[in-house]
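Below are two complexes that have chain A in common, paired first with chain B and then with chain C.
On to the complex of A and B.
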């Protein structure tokens, strides 16, 4: 497997970004899968999904955020304060959730104490929490204003032609990632959950024009690989942000394989396409608002449960691990509903609350996950690969 | 949950307590004292009501009637909407729906139950709701989820885009109780053509949803009646908030609580208006006699609560303020943004326009999107019309000696920005205290600990001593 996937998944910065910047091109960071990256890409820039990976403390994050806040935005602020995001030319803030929305104020305030950490382009995107005619209209106007802001700030023009190309490029990524999902869900899957997650995460940290060919190669390689994860308990990982491989590595070290997921950053992010013919801000808004796989889109619990069921069936899942970062109201409350419904269907399920970051509480999680896996009855017919 | 908790329905229980409590106020002092001994947990609150005579009577009778309406709705052929204090109940009254406001019901339980609402809060966790969620909803919601109260008919959430934990609670309840849900959603800006259009469309969608649930369309005549009451209440509230500027303030310490409770429970009803009138009589008398409203008899300091108050059993916050001669200058819950209110800038508030059905609905939408929390914590704290601007306007008007933030640990939204707010206020010369307690759940921090923090702050900053 191309080592760039692991590098991009494990590090804030990577070789592709360095090369991109060396060509004088721009990088725009953002915090949410509801940001229409197509617009950024059509401006010739690279969208970059912000992560707080590699944080070793939250001392900076804790200075600005209060105590009862998800550690994910705190870790992002930590990295920002340490200057790790100084390669960004811009950033987009979104009221994704109540913890993440305050990254806007906290980052701006931290800039007073750590001057120079705030990218020159700063945009607040108002993403509604429902998909109806007036919210679609609102959001299409937000996207239009976002486009204009980029054009004015960077003195570029986002042509219709470029937008169309960008949409096609992104739809291609989604298609390829769906293929990865299929491979990962195969009997005797040739890919570990950890490896699959690395491939997915790498896509959030490099331009799609570079990523898609790499992804295609990776898929060919995986398809040609002999099966080697047979006989293991097959897990669907659900819930809030998973943006590094550490949690999956614990699950897999306990003898299971993660064959599907519905986590933020994971495969739920590539559900749904933007229509390619005659794209408008409204059609783009449509894809992103009808993307109701995050509980921030309230009132769509049943759709999200349906997605879990669909993935469980496709990947022949033995059990479901539902996790959320502490203080995540959205996933924290919905995971409770999922767990109850799954249990009532006879599907083993467990809820885990954890801190963000590379296994802040690894020992505890390892024990709970191990015990959960042990409790899953041996009912798989799949034979271990020879 | 303990079986015993399910033996008496929570809502009936509350109804009996408030009904009996309100009757006891009609009797002689001796009769009152005898009745008071029957519900010792509510003793301090009952004393307060007794002291404020007509206001106290109106408050308890109104509360008893409000809870009665909830428990008898079904037999009266009315639907009950599970909703939040952040939504104006006026639309429900106009559409003949009983609004069940979950947070005030949690507060009422704290005031009247020996062990508060902790066990109901915990029940939510037993069935899978997030333990870190706001206790304001988790309290009474637990009783409804446990089946220890009459099941409501549908859910109206008014906090989508404002508060995740609140919205998640209503979404959770709708799923768990299998009820239809409508969420009012708010954009991050409060004003401007786009925001207005969004608010209006969303509000109309809510009216359609309620009509679908009840089978009855909105009656313009009823809406007009409700708006007339709103108009009267607005004038009374504005007058009261104007008196708040006086030094010493003539407003009794607990009146800010009474005022917002009234507006939450009885917005747009005659009961609400009458009680506000009674309150104003007391205030005007204090003005005439040049007397401070607090029970200490002297104004030693003025406190601006930038978020919530504390709803522990026996109303310890107000008692503490009274005992120290500290005037309560209001909290986020009592800002309704009537255009005529003294702290409201041009175009920031709403005015009642009852010309036709459309203008009445637009008025309701404008009022609803300015409800406490809905208005000022939807966007960045330092953006136009948001939290910092509100506090600056209040500060200029009311001359506080210090500001206090307290809320619940579940309040992700404000905990994400309160350190920045406090730092800014301190920079501008306003001493600001952040309290880490849970204002609905004294198990998180006991009131005596909270009080110690208050006292320490006042001592160190040499305020009111």
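On to the complex of A and C.
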């Protein structure tokens, strides 16, 4: 497997970004899967999904956020304060949830104490929490303003032709990632959850024109690879953001394989296409607002449950691990319901609360995950690959 | 010494609130269409229907906490699998209503026919109502209110009005009742009138010593949530403001030896009102105002009275959707707090970091710094939970509060 996937997944910075920047090209960071990256890409820039990985402390994050707040935006702020995102030319903030919205103000406030950490282009993008005709209209106006802001700030023009190409490029990425999902879900899957997650995460940290060919190569390699994860408990991972391989590594170290997920950054991010004919801000808004797999979108619990079931069936999972980062209201309130519904269907499920990143509570998680896996009956249908 | 004094307005309030809860139960039994709403949902809309009543779970949870049953109801929800990290209002409400109104001092709320929530308090609220939507199979209408960093934009107001119109059609369809815009307009007028008297009541805090405590405003705000749009609310606040002004004129104030004039930032600690007020009073300290209540009757970022002459009722109701502290940015929060500190000559600010209200609390670190460094006003941060007493330590809080008073003394030297 191309080592760039692991490098891009494990580190804030990577070789592709360095080469991109060396060519004088721009990178725009953002915090949410509801940011229409096609607009950024059509401007000739690289969208970059912000993560708080590699954080060894939350000293800066704690200073601005206060206690009992999700550690994910805190870790992002930590990295920003340490200068890890100084390669960004811009950033887009979104009210994904209340804590992530607050990152907008915290980052700006931290810039007073850590000068130079705020990218030159800064944009707050309003994203509605429901998809009806008037919210689609409102969101399409937001996207239009976002597009104009990029054009004015960077003195570029986002042409319809470039937008069309960008949409096609992104839809291709989604198609390829769905193919990866299918490979992951195969009997005796040839790819571990960690490796699959590395491949997916790498796509958030490099331009799609570079990523797509690499992803195609990876798929070819995986399809040719002999199956080697047979006989293991097959797990679907759901819930809050998972943007590194640490949690999956704990699950897989306990003898399971993560064959499907519905986490942010993971499989749910590539559901749904932008129509390629006659792209408008409204059609782009449509894809992103009808993308209701994050609990920030109101009133679609049943759709999210349906996605879990669909992925469970596709990947023939033995159990579901639902996790949320501590203090996450959105996943915290839905995971309990998912767990109860799955158990009523006879599907083993467990709900875990954890801190973001560095696996500060790895021992506790390992013990709970191990006990959960032991409680899942042995698979009868699948034999270890020869 | 600051203490709760049962004024005539206080006695009147008890009757109003008790009757309100009882009336709702009776009307629901007689076939009224019942809507459960989040506190900022424009209740005036329901006045436009002949037989639609509304209940406010958040306010009911606060009542439960104030009456001492908050913890037991939280525990009931936790036993159902809801995390302790979720808002205690939500846990109290679920603990109560998944146990047929158990322990509620008001007998619980009548079961709803429609749920209406929003995201301008917090995103949890919609999730909380969604639990009932799924468990009881009741329609859930959600208002999506854009967050604002600057005063609400025209296009945001229009977006909100579209949703109100959608809500009206939804209620018409589900209740089978015809909407009367004139009745709604009258209700809106009542709300505006009530807000005017509320501002007059709060203005008594400008007196030295203050004519009120913030605890009075916490208690008296209840009908703003449960009786909005009614002539009785406007009349009650007129009575409250008149009585308060008369008492100030007569020199009757809650803390005659007032030495420290404090401002409270966050939701009220409902389980501590009497204790905290009395104990502060013994220190000659009075929390005379609170961001939680001074925002009522104003727009985001200001303490000035509402002005709606140029707006239709629906536009006016849309315009106030960002007024509470949570759906607007730090700059606006700071602006209103600065105005409050100056107008009421505040000596110190108590930032109550509230484990059950992340969205109120998650900006307090910056706000505290702003008040302390930019405005030069001493501050303190204490840990509370608005309705779950288990997450509050009285002695720890008072060690910090006493330190605040010492730092005020120091600043005066």
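Definition applied: the second predicted complex is superposed on the first by the 384 of 386 C-alpha atoms of A that agree within 3 Å, B and C clash if a C-alpha of one lies under 4 Å from a C-alpha of the other, contacts with A are read in each partner's own complex, and residues count from 1 in each chain.
Here is the rule we use: a contact is a pair of C-beta atoms (placed from the backbone, for glycine too) under 8 Å apart; a residue touches a chain by one contact, two chains touch by 3 or more.
The structure displayed is predicted, hence computed values, not measured ones.
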With the two complexes overlaid on their shared chain, look at chain A and say whether chain B and chain C clash or fit.
clash
Counting only touches as set out at the top, which of chain B and chain C does A:99 meet: first, second, both, neither?
both
Chain B versus chain C as contact partner of A:140, first or second or both or neither:
neither
With both complexes superposed on chain A, which partner does A:65 reach: first (chain B), second (chain C), both or neither?
both
Just checking: does A:204 make contact with chain B only, chain C only, both, or neither of them? Give me first, second, both or neither.
neither
In the superposed arrangement, does A:339 touch chain B (first), chain C (second), both or neither?
both
State whether A:194 touches chain B only (first), chain C only (second), both chains, or neither.
neither
With the two complexes superposed on chain A, say which partner A:132 touches: chain B (first), chain C (second), both, or neither.
both
Shared chain A footprint, chain B vs chain C, residue numbers 63-69, 95, 97-99, 101-102, 105-106, 109, 124, 126, 128-130, 132, 134-135, 138, 141, 295-296, 298-299, 301, 326-327, 329-330, 332-334, 336-337, 339-340, 351
Per the touch rule above, chain C residues touching chain A in the complex are 81-83, 85-87, 90, 119, 122-124, 126-128, 130-131, 133-134, 140, 142, 144, 146-147, 149, 155-156, 159, 162-163, 166, 329-330, 353, 355, 358-359, 361-366
Within the complex, chain B is touched by chain A residues 63-70, 73, 95, 97-99, 101-102, 104-106, 109, 124, 126, 128-130, 132-135, 138, 141, 295-296, 298-299, 301, 324, 326-330, 332-337, 339-340, 351
Within the complex, chain A is touched by chain B residues 127-133, 157, 160-161, 163-165, 167-169, 171-172, 174-176, 181, 183, 185, 187-189, 194, 197-198, 201-202, 205, 380-382, 409-420, 423, 436
Using the touch rule from the top, collect the residues of chain A that touch chain C in their complex.
63-69, 95, 97-99, 101-102, 105-106, 109, 124, 126, 128-130, 132, 134-135, 138, 141, 295-296, 298-299, 301, 326-327, 329-330, 332-334, 336-337, 339-340, 351, 353
